[in-house]
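These notes are about the structure you will find just below.
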Amino acid sequence: MRPSGRAPDQLRPVSLEPGFSRHAEGSCLVKFGDTHVLCTASIDERVPPWMRNTGKGWVTAEYGMLPRSTHTRTDREAARGKQSGRTQEIQRLIGRSLRAVVDLPAMGERQINIDCDVLQADGGTRTASITGSWVALHFAFERLIKEGKLSASPITGQVAAVSCGLWEGTPVLDLDYPEDSKAQADANFVLTGSGGIVEVQGTAEDKPFSEPEFIALLELAKKGIGELTRLQRLAIGPSSIKSP
Amino acid sequence: MRPSGRAPDQLRPVSLEPGFSRHAEGSCLVKFGDTHVLCTASIDERVPPWMRNTGKGWVTAEYGMLPRSTHTRTDREAARGKQSGRTQEIQRLIGRSLRAVVDLPAMGERQINIDCDVLQADGGTRTASITGSWVALHFAFERLIKEGKLSASPITGQVAAVSCGLWEGTPVLDLDYPEDSKAQADANFVLTGSGGIVEVQGTAEDKPFSEPEFIALLELAKKGIGELTRLQRLAIGPSSIKSP
Amino acid sequence: MRPSGRAPDQLRPVSLEPGFSRHAEGSCLVKFGDTHVLCTASIDERVPPWMRNTGKGWVTAEYGMLPRSTHTRTDREAARGKQSGRTQEIQRLIGRSLRAVVDLPAMGERQINIDCDVLQADGGTRTASITGSWVALHFAFERLIKEGKLSASPITGQVAAVSCGLWEGTPVLDLDYPEDSKAQADANFVLTGSGGIVEVQGTAEDKPFSEPEFIALLELAKKGIGELTRLQRLAIGPSSIKSP
Amino acid sequence: MRPSGRAPDQLRPVSLEPGFSRHAEGSCLVKFGDTHVLCTASIDERVPPWMRNTGKGWVTAEYGMLPRSTHTRTDREAARGKQSGRTQEIQRLIGRSLRAVVDLPAMGERQINIDCDVLQADGGTRTASITGSWVALHFAFERLIKEGKLSASPITGQVAAVSCGLWEGTPVLDLDYPEDSKAQADANFVLTGSGGIVEVQGTAEDKPFSEPEFIALLELAKKGIGELTRLQRLAIGPSSIKSP
Amino acid sequence: MRPSGRAPDQLRPVSLEPGFSRHAEGSCLVKFGDTHVLCTASIDERVPPWMRNTGKGWVTAEYGMLPRSTHTRTDREAARGKQSGRTQEIQRLIGRSLRAVVDLPAMGERQINIDCDVLQADGGTRTASITGSWVALHFAFERLIKEGKLSASPITGQVAAVSCGLWEGTPVLDLDYPEDSKAQADANFVLTGSGGIVEVQGTAEDKPFSEPEFIALLELAKKGIGELTRLQRLAIGPSSIKSP
Amino acid sequence: MRPSGRAPDQLRPVSLEPGFSRHAEGSCLVKFGDTHVLCTASIDERVPPWMRNTGKGWVTAEYGMLPRSTHTRTDREAARGKQSGRTQEIQRLIGRSLRAVVDLPAMGERQINIDCDVLQADGGTRTASITGSWVALHFAFERLIKEGKLSASPITGQVAAVSCGLWEGTPVLDLDYPEDSKAQADANFVLTGSGGIVEVQGTAEDKPFSEPEFIALLELAKKGIGELTRLQRLAIGPSSIKSP
C-alpha cells in the first residue's frame, strides 16, 4: 500500500485551469494533488541575439519555487543571488520538452518565455510544470493567431510528463513528496500525445534498478500521460490539436 | 473622474483569504482589486547571529514579483542574480512596518520570515503586502500559542497600508496601476489600527506638492486604513486583538 | 536638552565648499557638523539605452560610504560584491530629489551622474548628500553653458533636505548620529526652495507618532531648509537661481 | 555508415591512465577517442555542515572544461562568474552516479571531492568523466586503506557510463561530437558492473523516439559498459572489486 | 624637460596630514601633488579564521577610488559588483609592504585593516597609499599602546614607496598622470627607511628597458624615499621609530 | 644546498611540447619540472569594443589552476564565482609580457586569447605560463600566415620568464614550491630574447633585500632566460624569429 492510499497506477486529482493570470498571453494553473504550479507564456517579439536572422523562433522556460511552497521554508533564489543547479536542470528540461512539439520555423522570429512558478509543492513539480506549460503555450499561440500574426498553431502535438517510481518494489505512478523521498528509484517521463519518448530521466536512489523494472515504469507513464493529455485537450477546448 | 471610475475615497474591492498556503505556519492571499499577493509567515526557531542571546525575536520580510505578474514580463530576479533596489526598499518597508506592532522581547528568540509574492500586479503591491502580512503573522503567532511555545500573542496592534495620490489635482485613495503611473504625487501610508503613523513615504512625481495637499492625502489614508483594519479583524476572527 | 546641546530648531554648523574636486565638472564638499560628504557631478554625453531618442536628459545618483567613515569599520561594498538595500534606497532618493528640480527635456540628451561619497558620518548623510549635490549639479550645468552646449540652466529651482525627529517627545531638527540612534521617530524631508514637498520619509522607530507630531516635524524642516537653501545660494554665488 | 567509420556497436579507443596527477590521492586520465578528461579524487577529512554527526561520508563532484578544450573557444566559467546550467547538471550526475556504488556509512565521516576537467572535448565528456572518476575514486580509497584509516574499500561495485544515439535511424554506441550534434536522439546510460541501471537520461533531439528504439539503445549501452568496466578492472589491477 | 617642469629627481609637493578622520584609530591624508589619498587604520580585535590560535596578528589593506577621483568618471566598483584586477593587485601590494615592517607576533592576535581611498587621482596612487598608510598604521599602534593593550610598537622600521620612469630616455622620479601615461617604462619601488628593497615592480610600457636603466631608476627611488621617510618622521612626531 | 639538490644557477628540466591541444590554433604543454601548464592560443577575429576601428590587434590572457593541481585541493574559481586577486594579477602579467613582443598594428584588428591552465603545480606557474604561451602564440600567428590572413609574423622577439630567490642567503634560479615557500625573497623576471627587461616583480618575503642581492638575482635570471629562449627556438623549429 503506497502512503497516499492510491492504486499503483492512479494519478493524483489533476486540474488544469487556463487563464489564471490576467496579463500573460497564455497561462494555466496546474494542480497535481497538492502540487500547484502557475505556468505563464509570454510572447516576446525579439529572439535572443544568437538566433537573429535564422528565420526560427524559440521557446524557453524559467522555473522557480515560492520560498514557502515547501514543507519548510527554502531560501529565495533572488536573495541568494543565484539559481540552484536543480532549478537550472528543471528549466532546461521544460524548455526542451516544449520545443520538441513546436515547429520553430513556423512560429516566426519571436520567443515565448514560459514561467513555471511553484505556489505549493508536494512532489512532481517538474512534471506538473511541463503538463501545464503546454496548455499555457497553446493559448499564447492562439493569441498570435487571433492577432493575425500567425495563420496556424506551430504546435505539432501534445506533450505531458509524469513521474514513476519503485515503492517497496512496486512500480507506482505520479509520486507525491512522501513517496518520492522514500522511493527506491524515480523516473520522469516526458511523452508526446502519441506515446513518443521526448525525455527520460531515471535515477536509482537507493539501489540500481533492472531493465524490466524500468520497462514497467515506462508502461505506467504511458498510461498516466494518456490521461494527462486527455485533460489537456479538455482544458484547451475544441481546437486544432488532434487526439492521439 | 478617476480612470477606475471609483469615488476619490473608495478602495478597490479588498479580500483577505487566510490559510491559502498549506505548508506555511501563517498565510494570507490578499487582493486589492487586480493586485494579488500571497503572504506567508514562516517560523524559524533560530534568530540571525547578530541577535543571539539578546532575548529578543525578529520579524523580517522578503518580497518578489512573479515574472509575469506585470503587464509585460519582468526579468526574474533569481536569473538576473540580484534583487533590484525597488525590491529591497519594499521588503525593508514591510519588515519595519510589522515590527512596529510586535513586542520583540515577548516573542522569544525566534524569527518570523514573511514572504510576499506578487501573483498579479495592478498597483499598490507594497501596501497590499503589508496589509496581508499582518494577517499571516497573526496566524503564525496563533500556531506558536497552540503549540505552547507562547502564552499570548506578541502583536501589540494592527497595522495596514494604503497608497494615496493626486489625480489631476484631486486627492484619491488606493491607486491602481493606470492611476499610479499618471499621478502627480504618490504617497504610501502605514498606520496602526488606532491611527498612529508607522511609515510615510511621499514622492512628488511631476511637481512638488503642498502641505495642505499632503494633509489631505493623510486624511484619505486614515479613512482607507480604517476599512482595511476592519477587514483584517474579520479575517482573523474572534481574537485577542482589540478593535481600535 | 538634546545630546548635542543644540536648540530644538538649530541646524549643525553647515558648510558647502564648491570645487573641492579637481576633475569633476561640478563638485561640493558638504558638511553638516561632523558629517562630511563629497558630492560630484559628472557629465556623460550619452544617456542610458532606454532613454535614447526621447529628447530628454537624465540625472542619476550613486552613494557610498568610505569603510571607516563610520564609528566602527563597515565592510567595503565593492569587496562584498554588492550594494546594500540601504545604499540603493539612498541613491534612488537622491536621484529622484534632484530630478524634481530639473527640466529634463531642456538639458538635452545627456546624463549627469551624481556621486555622493561619505568621508565621515555622523547622521544625516542622505540629507547632506541631497543638499550638496544640488550645488555640484548647478556647477555642472554652468560648465555646459560655458561650453556653449546649453544656453540656460535647466534647473527649475532649489532642492535641499534635512532630517527631523522626536527626541524624548520634543521635535528636533537635523539629528546627529547619537540623536538619530535614540530618536523615537525620524523623518527626512526634501523640499524645494519655495517650500514644496518633493519627498517625505517618516519612520516610527519606537512607537507610532501622531499626526500633530508629524506636522511639527514638517514645520521644523521648513525652517531648516530655508536656512540650507540660503547657504546654497551663497555657495553658488550670483546666478540664475531666483531666491524663493 | 556513421561519420567516424566505426561499427554501430563499437566504442572509440578507450584508455584509462591512473596516477596522472602527482598530488591527488586518486587520479585517472580517461580518453574516449579525442575526448580527454582528467579525473582526480581528493580526500577531505571534513564533511559538509549538513552531514556532520551523521556517521556517513559523502562523494561529490565538480566538472569543468578548459576554455580551449572545445572546437571554438568557450568562455571561462571562472571569468564569467558562474557555472552554466549544463555544468551543474553534469556534476550532479557524476556525484549521484558514484554515490550509487559507495557504502557511505562505511567510508566514515569524510568527503571525497571528484574533479573532472576536460582537457579536450569531442563528445561524451560526461560519460568519460564517470568512467574515469570511478578509477580515481578507487585509488583514493586505496590510499585510505594504506594509511590505516579504512580497513576495506567502501566501493560496492563498478559504475561506468556511455552515450548511445540514433544516427539516421540506426542505434549507435558512444557518440563523438560530429555524431552527437546530428543525432536524432541521444541517451546517456550509467550502469553498474552487473548491469543495473543507475541513471538514464534520454533526449529526443529532432523527433520523439519509440520504446523499441529506446530498448535498442539500452542494449547497446550494456554491451559498451561491459567493455568499459573490463578496462576499469585492468586499470586498477588486482583488487577487491569482484568481476560482474 | 618633463611635462610637470620638475627636475628629474624632484618629488611633487608631498604632505602627510595625520588625524584627518575622526573615527579611525589611525588616519592620514596623503598628498603627492594632485594625488590625494585618505588612509585609515582600523583595529579589529579578531583575526581571520585561518590565523586563529597562531599567536600572530595581521595587517591587511583595501583600496578604492572615488568614481570621480579620475579625469573622466570611472564606474563604481560596488555598483559593478566586483573589484577590478588592478584594485586587487594594489591592495595586495599595500598589505605586503606594510607587513614587511611589522613584527606580526608582537602585535598580538588582532588585525589592522588599512583602507586607502583615493579622493583625487593624478598618478602614483599606490605609492602615495603605501607612504600614507604607514603613518596611519603608526597611530593605530600608538592607540593600542595608550590603551595598555601593547607595551611597544610592533613596527620594526619605516616603509615608503615611489614610482620612477623613463621619460624620453631620461630617468625621472615620481610620475604624475600625464608623465605616467606616456612613459616608456614605469617602476614602483617600496623601500624601507634603511634602503632595503621590499617590493619592486617594473613594467616596460613601450619597449624593454636595459639593466643600467633599471639601476638608474632604483637610484632615483632611493633618493625620493629618503625624503618621504623624513616627512613620515615629521608627521608622527617624536616617537620610537629610529631615523635610518 | 638547495632542497631540490640543484646547483644555484640550474633550471629544472624544462620541456615545451607544441601542438598538445587538437583544437587550438596554437598550443604548448610546458613543463618546468613538476609544474605543468597547458597554454593555448585562440584566434578571435573580433577585438573588444574599446579597440574597434583602431587598426590594432590585441593579445590577452587568462589563467587558471585545476583544483587538484595543488598539493591540497584548492576551491574551483568557477564554483566560488570569482577569480582571486592572485589569478587576476597573473593573467594581467602574462598579457602584458606577450604584448611587449607583438607589433599590435601589424596583427590586424583581431584578438588572440591565451589560456594558461595549470595541470600540476610545483612553483613557478606564472613564469612557465609566459614561456610556454610565447610558443603557443607563435603557432597561432603561423596559422594566420598559412591561411593568408597575415603576410609575416607580428612577433618582434622572444619573451620568457623565470623566478629567482634568496635561499638561505644564496641567490638561486627557478624556485620550485618547497624552495619558494621558504625563500627569503622571490623575484620574477620577464626578459626578451635579447636581455631587455619587460617585467620585474620582486618581493621580500622575510626581510628586505639589498641592491646587490637584487642585481645577483637579475644576473641569474639572464642566464636562465638565455636557456629558456634557446628551448623556445627549438620548439618552434626553423622560423622567422632571429636568435638573440
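Every chain is named by a letter (A, B, C, D, E and F) in the order it is written, and numbering of its residues begins at 1.
Everything below uses one rule, namely that a residue touches a chain if its C-beta (ideal position, glycine included) is under 8 Å from a C-beta of that chain, and two chains touch if they have at least 3 such contacts.
Just so you know, these numbers come straight off a predicted model, no measurement behind them.
Shared contacts of chain D and chain F, meaning chains that touch the two of them, come down to nothing at all. Centre-to-centre, using mean CA coordinates, chain B is 51 Å away from chain E. Chain centres here are Cα means. That of chain E falls 28 Å from that of chain F.
The set of chain D residues that touch two or more partner chains comprises 81-82. If the chains shown are joined wherever they touch, the resulting network closes on itself as one ring, and no chain has more or fewer than two partners. One ring covers every chain here, and the order obtained by setting off from chain D toward chain F is D, F, E, C, B, A.
The residues of chain D lying in touch with chain A in their complex are 82, 84-86, 88-89, 91-92, 96, 100, 187, 191-192, 194-204, 207-211, 214-215, 218. By the touch criterion stated above, chain A contacts chain B in their complex at residues 21-24, 27, 34, 38, 40, 42, 44, 62, 64, 66-73, 76-79, 81-83, 87, 113, 115, 117, 119-122.
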